[in-house]
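Worksheet: one structure, shown below.
Chain lettering (A, B, C and D) follows the sequence in which the chains are written, and residue indices restart at 1 in each chain.
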């Protein structure tokens, strides 16, 4: 889909992602998202924050079609996610790199195999896959750990493997759900730097996190989810009226 | 074992936990713990910190006999953990409440069932179990969520269920492995408060975390693990010579 | 919740897999039940033939009626003999023909059917005593030959021991199949529930607490498999019995019967024990967490 | 890695469960293979009896040698007759006794064994033609009766159709058992690997990419199960053949034989198709992630 830019000169100007009045409720009495609207331009870097259970993960899940909206619509590159056929969902997901909050590593696969999965699925030759995976593991500080099984890794190492898998296929959109929750502060800053580097290559990034210290490092657009509503803070939380609640 | 105090007047003075020259290596070239020694008195509250992969989780796993030391010994209430027979390990674990870094919830059980497990295992009657579980869920802010399946919870909710399960059986020793990694700052402080309340009832607490802001809230004993060595900082990191890693 | 509740819960949540596995165990048991059914009925036939205590004293074609009378009287006086009946040549022919309805036999000339004295002996009489009696009768004048049906008994014994061997071989195969189905189901249940097992052990459950429900599940699979097999074969049996009973009774000389309830109950218990054992063995590795 | 590599990897990592399941499928197939073996051999016997085209013309005891000669000549001249042999009474007795080794028959008087003309007819001769011929022979003087063995053929046909029915019922049960074993294994493999499946789908794998290895595993289980059954029954067959060949050949009149390779190959392919189908069906739910 990224190649599509060449053929459609207006594509670069269109927002990469549009949430338009999205409602989502798992239980009727307690909706998670109530009329959530948001437009994200190509190449933006955006934080999503909010208290536990506010709906950050839900927002991302709707995006990669693991959940369906109850009302409203989500447009990714102009296409409505909720209307994709069963067969085209995999092609949507190939354009999105996702760091899952619970990592979702395959425990009995090696680190190499876990990280290489998005490339395997594309049918790339083994050699190319291994080369690319090796590079990415270096970037997350796990060079040389490729042949260990995912189950023996520490919490932070697993998280970095999950990050490596999300970026290995150079997706157009990167969704990171609490990707630094198990990392020490130094490593968290390093990983944030990695996301910024990737962002610098033109990738759109949505970064869901609780970590206020990360939000404060550089003023970025922040979306705060709370009680089913979203507050959009274009230039970071610094000085904004939202306290530490 | 807590009742044992009544019959052994010296027990209260004995350290609850002694690490004595503990070595542990998963790979021969790269030991995780090299001669780790530490004495923890009954009723202490202690942080364990260190960079990702430093061996925090390993330290705790050795304690509840999920791993064996390579050299040295660990004494819990005067008994050597590494020498416990297969049959007495369950009785060791009944005295320890553990919050696992990866939660270890049973996804297809309800929250009630997950939290009630340590009491079920003791053979307590259903009524007592439900009463106690209800109380504990209130304390972690999940009152009324008992009948949901663990798999539908958000990351932070899962973490709180894991905390509830660790404290439900009122253990003598509480091990918490990164128990606030998925919680927003406010909730993290609340949970730390919960641990302090429990600590106030005489429970010994070991709290492994990366979160520097938690370490700074109150000066506590901190053990910093790094490169296989431990640095013991009796009154918090404030002013100590250890920078941000 | 005790082990039964927990096992029941697990089986319900995985109902389809458990039903499939019970059916597989059942298919294995069907072979065994069928073989046992055959063995039981052959045993009946054999018992009947061994206890029927019949001797046929074939007479020379030209034996005088008085000699026959003498023989009759002598036989009746012999200890162990409970009845003697004279069957003339024509009657023998008729009897044989009505028994077999076979045209080939009809073609045989009348001389093929010698007159005989049919001797019924007391049931208590041993096989050896009858053979002895037959030897003594053989040398009497007018007696052509004596048939003790030892031959038939021997044949039946061969069939019977063949049946028993087949049943034994089948039992082994079935044991293997049941153990393999149950252990693969349990192993997979274990893999599926490995988090549950791990968590249970970490919160202080003893090995027996963890194992309990799996063993109950194994036992239930074995027992229910046996029930499935008994029902299937039972249904088949009543169908066969309903349709062919007359023929079978005529052919075998005894009413066919289903497995006695003791054997059925034994199968059920055996299935349960086997399933529990298979589960227990598959769980051995579980001891280490 | 293609679907085969991935399936192979999964089966290796779960070797025991897969072996157990293959064995269970094998046991189910053993029943089928055995039934087929019986059917195939009964078919051979039936073919042989239907084509053997033998007639026995039993002669009256007092038929003069010239009449026998006349009959012989007349028979040889009949179209469709390929050979005639005269079996006198004593020879008939000897033959029967050597065939059956039965003492009861020895007790029969010589008259029980009428002399006969054994007529061999050409194989091409239909059943009806032989019956017709028998009717015509029947009314000739000196002929006591004519045996066309139609009776035997009819009996064999009954046994054969019984065998076919049994094989069909068994086929159904076996299909059920194979499908149940394979689908429970696949379902459980799926449950065990649900994280793998979920992750694959989330990183953009198509449904067919996800399904591939499971279907390969199902097919492998079905096919290997058939191989196990063929080997087991094959081993049993060669043992039986080695030990009892002479008896069986004498009894049946034909050499017993194993399943033709086409049928064996068919079983193998059928097993694979069945396994793949069962796997496919169990995977249907997988479509939704």
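Note that contacts are C-beta pairs under 8 Å (C-beta built on N, C-alpha and C of every residue); 3 or more make two chains touch, one makes a residue touch a chain.
These numbers were taken from a predicted model, which means no experiment stands behind them.
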Fill in the blank from the handout: Note, CA centroid farthest from subunit B's centroid sits on chain D
Fill in the blank from the handout: Distance in whole angstrom between the CA centres of subunit A and subunit D is 63
Exercise for the section: Round to the nearest whole Å and give the separation of the Cα centres of subunit B and subunit D. Expected result: 68
Exercise for the section: Classify the chain contact graph as line, ring, star, complete or other. Expected result: ring
Completion exercise
Per the touch criterion, the pairs are A-B, A-D, B-C, C-D
Problem - Complex contact set, residues of subunit A against subunit D - result: 64, 66, 86-87, 90-94, 98, 100, 104-109, 117-118, 120-122, 126, 165, 169
Fill in the blank from the handout: In their shared complex, subunit C is touched by residues of subunit D numbered 14, 16-17, 20-21, 23-24, 27-28, 30-31, 58, 61, 102-104, 107-109, 111-112, 114, 144-145, 147, 151, 173-174, 176-177, 180-181, 183-185, 187-189, 191-192
Problem - Touching residues on subunit A, where the partner in the complex is subunit B - result: 26, 49-53, 57-58, 101-102, 152, 154-158, 160, 177-178, 181-188, 210, 212-213, 244-245
Completion exercise
In the complex, subunit C touches subunit B at residues 1, 13, 195-196, 198-207, 209, 287, 289
